[in-house]
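This report refers to the structure that appears directly beneath it.
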């Protein structure tokens, strides 16, 4: 974060209005959280609960949400604080340089691979025959691209990513380190006292604007394709099995596991460590709370599921509350038993 | 999937009998699911529930299970549909070429490594001193083989697999991309205000015909060995800790975690995201439902476990049902309380 | 394990006293578990429950805990058996040779990287401009070090580890194969029908004496730093999200997932597959049982949590027991209903 920008430059970049108390020529060197900010930093206040942290922050300038009150002589007013923060993250990033086009001498490019002139192929990469790498795409280092893989334009494949034969990756796709696209799905039939492997002859298609975290695995289809929809974002250590289909703009948080042939609609959000049983369908906008296990279809859109097995989240929460009141229920039954015994005694007379 | 085969060739390869309506010379170009099949494809019908999908499929030929009725002029009758599909997957696979024997010039082979003449060592691989690679084994690319590792014949180690020093791998073992065999187990003792590391001086033994998915980790033993039994199949992102022993022909689905010294018998099946506490023993044929956590031994064979903590699956299901009826139980207790109060009032008179 | 040591040498190394029945000059070739030990091995007895296994062990020498009784003519008495075993693991390790200092010719070192003369950079490694590698640190093979990374002294980065730009790693840090330090955190805002990426411009700081398992991912901070405290030990396949802070001497077992901005105190212990919701704080000494999901802060130190959602472990265990008695509770309510109906009939007369 070696960039330095004036208040005026920042305000202009984020479409904000600085308080009159802020010197427009003051230099800001970085973006920091409230508590970590020094007098060269700009920070933001994400609602009234951060008001006290803001009061003691040393930040040179602060961007508060509209509901933050109080006297802030160093505020910059913007319509959308989160967007302003996103802008500032872009402004202060120091890794924005596009690497030089070309092939590192240690890279191995098989004959028959087509690499766009503006692409960058870093050290120890491997691009197999028949693969195509689009304009301005970057293979950072030790990336392994299989035969007949197609990678679009402006992709960013980080260190040690593996893309197996024939997988298709769209434009502006980012894949973080050590993720594996197109490994064989997990399928066997038990015959003659052995697990016989079902070869996986399908592929993986990753649409435009997808981002995939580190150490994530997306298996190829048995036949046909595993597909990740446009603009979907997948976190680290997610397992996507063969023949899964994920709609556009979905979110899969870390360590999610999708079994074979699961179909997610558009705009689904799966919390961390969620699992989904094979073959299930989740409608558009399905949300699943972290750690849940989805074991039945969810065909109605925009439901929120929770639990193992997952059910409607409000039902699940009521069930949890009831479970926590079991000792009291037990005591009430004990009290009833005593009273009834007493009543029985009374009627015996 | 560039192969093209006639109906006659296919029928002969899978031991099937084509309907008289099928032209034996018709060319089939690929295998596809019912809905995705075009007029050049063959597909299969996996039971009566797919009958309607079969009716609208454009597939040139169909392989139905015996319980599929109706008029199918393009059917091919086989005794075992799943085996026929497995055969077809093999037939239409286009990645069956054995790569040329030899060492890629970018591979680093330390002196003292023994590599069979028919083995293939791909780009950027590393084979350390004392390692032995058997006949026809393939190290695809960027595979890292430690000192004194033994790898049998006909193994297939995909891109970026790591096998640490002294691990032993049998014949016909497949390991998918970025998996790590033989990292140190996780063991420390707390002394003098520090976690002191227990060195792991044991090894990992992987028996014949094992397949291991992508991004899976199998740790070496503290002393002795971690052992994966013959023909066992392990999915992606599975964690197998130090000194675990897995019997032959077991199945571990994605994201399973086995703690240290767990012992699985033969033919166990663990669903996705299952965890097993350290030191436990699961008898032959134990099945564990996805997302369960096994916290006690299961010494009787062929049990099915479910839940956190795992118990007999039928017991667990009954418990779930009862938990879901808690509101009704609560209402019944409320009704009883009213009645008893009323009875008490009556007897007070 | 090719070392051979006499009983006398071993006893001296571990500060133990051999029984008079043990020949001080007898050669011991390895350390083994009781059942696996042969007549050239030394083993240990970890409490009375292993007494019968000890009785049939062929081990040449045995190190029992103080509570192990019986006649053991080949015992070596020590004050702390676990420490003695740790010493023996160090003694019998055969991988203790420090590799030669220097750079493997296949490594790529960008100009501007500073590598200590005693460091070892193995085959196919990459060290980017501005990175610094301290004295005696080892990059085993195919390790990828980003720009301006700082790695301290005596670090051990195994095969295929990736450390992204600007991350800071202390002294004596061990990172196992394929782990990724400093990938982007998972953060987006939904604007104009797209998930807009929040660039992650922060870093990761790993303090001295940390050990990190294989296939673990530790994401960089959005702003500021993700920090792993001194002496903390992290197992395989653990996911640590952006801006997490972990205190010193904590333990994270395999497949744990920490969401963004989670703060763990000192000496926390998280069991396998535990998840923690974003932004939570767990006080010093918090222990979380395997498979639990922590969904609320735990501000009191030294609590033990269990369950989904996690609560006090004793409360959770009582809840489990009550849930398992639900059928009996149901039967008692049925019995009460009958009795009350009968009483109502009686009073109706």
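As written, the chains take the letters A, B and C, and residue 1 is the first residue of each chain.
In the analysis below, a residue touches a chain if its C-beta (ideal position, glycine included) is under 8 Å from a C-beta of that chain, and two chains touch if they have at least 3 such contacts.
Here the structure is a predicted model, which is why all the values come from computation and not from measurement.
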Equivalent interface positions on chain A and chain B, same or different at half: different
Fitting chain B to chain C on CA atoms, where both chains share a sequence, rotation angle to nearest 5 degrees: 120
Gap in Å, rounded to a whole number, between the CA centres of chain B and chain A: 25
Multi-partner residues of chain A (each touching 2 or more other chains): 106, 124, 142, 160, 178, 215, 237, 255, 273, 308, 323, 326, 329, 333, 336, 340, 343, 347
List of chain C residues in touch with chain A within their complex: 106, 108, 124, 126, 142, 144, 147, 160, 162, 164-165, 178, 180, 183-184, 186, 188-189, 191, 193-201, 215, 217, 219, 222-224, 237, 239, 241, 255, 257, 259, 273, 275, 277, 293, 295, 308-309, 318-319, 322-323, 326, 329, 332-333, 336, 339-340, 343, 346-347
Contact set on chain C toward chain B in their complex: 1, 30-33, 36, 80, 82-83, 85-86, 89-90, 92-95, 104, 106, 122-124, 140-142, 158-160, 176-178, 209, 211, 213-215, 231, 233, 235-237, 249, 251, 253-255, 272-273, 290-291, 308, 320, 323-324, 326-327, 329-330, 333, 336-337, 340, 343-344, 347
